[in-house]
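Letters A, B, C and D mark the chains as written, and numbering starts fresh at 1 in each.
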Amino acid sequence: MDKVCAIIGIGPGNGEALVRRFCDEGYQVAMLTRSEDTLSDMEQRYGSATGFVCDVTDSDQIHKALGRIEDELGPVQTLVYNAGAGVFKTTEDSTEADFEHTWKVNTLGLAMAAKAVLPQLRKHDQANLMVTGASAAWRGRANTAPFASAKAAQRSLAQSLARQLGPENIHVGYLVIDGVIDLPRTRKMLPDKQDDFFIQADAVADAVWALCQQHRSGWTFELDLRPFGESW
Amino acid sequence: MDKVCAIIGIGPGNGEALVRRFCDEGYQVAMLTRSEDTLSDMEQRYGSATGFVCDVTDSDQIHKALGRIEDELGPVQTLVYNAGAGVFKTTEDSTEADFEHTWKVNTLGLAMAAKAVLPQLRKHDQANLMVTGASAAWRGRANTAPFASAKAAQRSLAQSLARQLGPENIHVGYLVIDGVIDLPRTRKMLPDKQDDFFIQADAVADAVWALCQQHRSGWTFELDLRPFGESW
Amino acid sequence: MDKVCAIIGIGPGNGEALVRRFCDEGYQVAMLTRSEDTLSDMEQRYGSATGFVCDVTDSDQIHKALGRIEDELGPVQTLVYNAGAGVFKTTEDSTEADFEHTWKVNTLGLAMAAKAVLPQLRKHDQANLMVTGASAAWRGRANTAPFASAKAAQRSLAQSLARQLGPENIHVGYLVIDGVIDLPRTRKMLPDKQDDFFIQADAVADAVWALCQQHRSGWTFELDLRPFGESW
Amino acid sequence: MDKVCAIIGIGPGNGEALVRRFCDEGYQVAMLTRSEDTLSDMEQRYGSATGFVCDVTDSDQIHKALGRIEDELGPVQTLVYNAGAGVFKTTEDSTEADFEHTWKVNTLGLAMAAKAVLPQLRKHDQANLMVTGASAAWRGRANTAPFASAKAAQRSLAQSLARQLGPENIHVGYLVIDGVIDLPRTRKMLPDKQDDFFIQADAVADAVWALCQQHRSGWTFELDLRPFGESW
């Protein structure tokens, strides 16, 4: 049985680095995102990866996409939940929709994906469920109300999953990304920053992969990732 | 101008103890809950408190209820967000509706109430926004997925609010209740527990009141409340 | 039996405010510090408080001073551990003596005082052991190595004490002071800061007293204290 | 220039696994411990590793041992601080010496080793300082007073070091070991536990090595390590 890895949240940055990494490691990679354009672009660049349209704010789509993955590629052994949406505003400036969308993408989508993928993960001797989080999960700033509260909820949910699933030999990990990923988009937003300011997306993929490789007598639930030069 | 306190989430336990306490301290108390029966019962017992029907999962109702409170009683000086809903299940056993309802009552409702009440709080020299949380905010257990993730989000949101509003002289506090409130309902659920196992609702009201009395040169954002005899 | 409160770490600031507060509340107050000058000055200003020379880095002095307090005033019902020493340097710039002194004053002194006072606390139906900590306990900055690590150790020790002693009806509390106390000395060090920047020592004494007054069905172990206008 | 790794705290368990791992990776390994017997035994088994007698409670010995390592092997590029001592007692049952020894081995020794090794680490383009900690650093239990407070201090100190040294391209990492290492000694103490209860020392060495391999655009300061089946 080929090893199947489903990556939810594709596109420039972590998503693409994760696709590349799991392809390189010999996995059958399923890519999930709501944008068909992104998927066809990624399928062209990563011939061995297969795209599945999926809007994570719609639990039905998550359920169906994971069902199709099992049918077409086999049961998922590693799920990486990399979907994210960030609204950076104060509570006052945020709309109800800002809160709702941010929570659905970061938190509810993870819960629904976990529910949908669990029967597949259980078909393997050992399986992984990795979540790319953010340091906003640790604290709420004045102007990060929707994002930070959704990430705090996501981290708590990942912890619940880790506690439930560890004894079933399913490794749940939460990666606290404390910095800005190096992307054309973030470079444009922060033109004065040096190279060293940014986290390379490959460093995130490396860390996810390292967790997937850990011996189960010493699993990591949570680790932080931060550029060497940044104050924190 | 009379001091007005709005308490969201009324009923046996913390809610009633808070109503009683703020009435005793000479506040005009507005009581908000979705149940008309609870409100009329509470209005009979606390003659100086006024009831307003409000379902916290509906931001429109929150907005309208707080508008009516200002019209009828004057601008709110202290808001206590005591609404809570707990679904204690694993992620696997929880439905999408379980996650959604729990998050709406604990987190989104707080955000919407804060947005709606802020203009009123700002009409006072000093104002308070107090939130009754739970130790589930600090960690997600296997079988507390919807509740713990919603409480973690609530705590993060309260932190964002505290950081934004402190400099405006609005004191935001988060009370981490680590235990079970003494109620007929909880006594029935836990018949073998001694008296000392339970937190008295008055102890919660005391702690909320103590935060409201703090000198602004030394405000508390977060404190825990726990029965003396409990292991933690 | 008169209520006896022993305050370790006297002098301008929290120490004096605590002495004043417990005198006002009708306690017999024992003041402990290593400086005889401070003690005689304080005894003149607070006629009902009694001074005991005690260097907290010497466990023998702690033991003897607490023994004398029991003999002269009766068994201590409330101990406030307010001794503190701060070395604010990087690890590299700190000497072994910097680390050792800071840890002895903040951490070991608390352990030795707790050991010495426990038999006295146990002679009361209910007793208190309060510790004035600092937000440095939550994180180590580059240039707070000796202080932050000692405060982290102090907080952990207070937590161990709280867990052990709660069931014996002895309330252990830890106050995380997140700011600078308003003192002639700190005003001189920070001449550009506004009044609002500083924490009033009375706010700390109020918070300690509030914890001592809590009903045991809802005890607080930890709370933070911060000026309303400060970013955090 | 050969890469030199100094491992402080050798013996069965993590220490030996770390020696083996860094030897396998081609490092010149310096082993530091106070026991000459352990060192000669380890030197026989790991022919390419060199032993240096060093009691970490004596800063002079630390300084001299690291000086000799530089002279004999070259400047240290990776230091692993694996010295540990655990006294598991309540505060009441612990002596002053229990607190002092535990703090000296876990905390002060790390500070003194960091001071002594820094000039050597700075001779490399990139260097590492890894600390094996424990989940006791996160909380103080009733009967872990000396150990937990020392580990909390150690973690805080490692954080201060990480914040200071990151910008100099020195990676400081803290590994929170949450479980019992599989050793003849621990098996004897816990005869009823299954194999899965224990952490393999190699899993700790793997995690240390993985941190040393991270790209500096995404460094981890802290991670936890826990057997898959354990509740937490």
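Going forward, a contact is a pair of C-beta atoms (placed from the backbone, for glycine too) under 8 Å apart; a residue touches a chain by one contact, two chains touch by 3 or more.
Being a predicted model, the structure only gives us computed values, none of them experimental.
*Asks:* Could you tell me which chains are in contact with chain C and with chain D alike?
*Replies:* A chain counts here if it touches both chain C and chain D, and no chain qualifies.
*Asks:* Under the over-half criterion for shared residue numbers, do copies chain A and chain B use the same patch or different patches to meet?
*Replies:* Looking at both copies, the contact residues mostly coincide.
*Asks:* Tell me, please, which of B-C, A-D or A-B gives a repeat of the C-D interface, judged by over half of the contact pairs matching in residue number.
*Replies:* Same contacts by residue number as C-D, out of B-C, A-D or A-B: A-B.
*Asks:* What chain is the most remote from chain B, judged by the mean position of CA atoms in each chain?
*Replies:* D
*Asks:* Counting only Cα atoms for the centres, state how far chain B is from chain C in Å.
*Replies:* The answer is 32 Å.
*Asks:* Between chain A and chain C, what is the separation of their C-alpha centroids in Å?
*Replies:* 45
*Asks:* For chain C, give me the residues that contact two or more of the other chains.
*Replies:* 163
*Asks:* Line, ring, star, complete or other: which describes how these chains touch one another?
*Replies:* ring
*Asks:* Return all touching chain pairs.
*Replies:* A-B, A-D, B-C, C-D
*Asks:* Going by the contact rule set out above, which residues of chain D touch chain C in the complex?
*Replies:* The contact residues of chain D facing chain C are 59, 90-92, 94, 96, 99-100, 103, 107-108, 111-112, 114-115, 118, 137, 139-145, 148-161, 163-164.
*Asks:* What does chain B use to touch chain C in their complex?
*Replies:* These residues of chain B touch chain C: 163, 166-167, 169, 171, 177, 179, 182, 196, 198-200, 202-204, 206-207, 210, 214-232.
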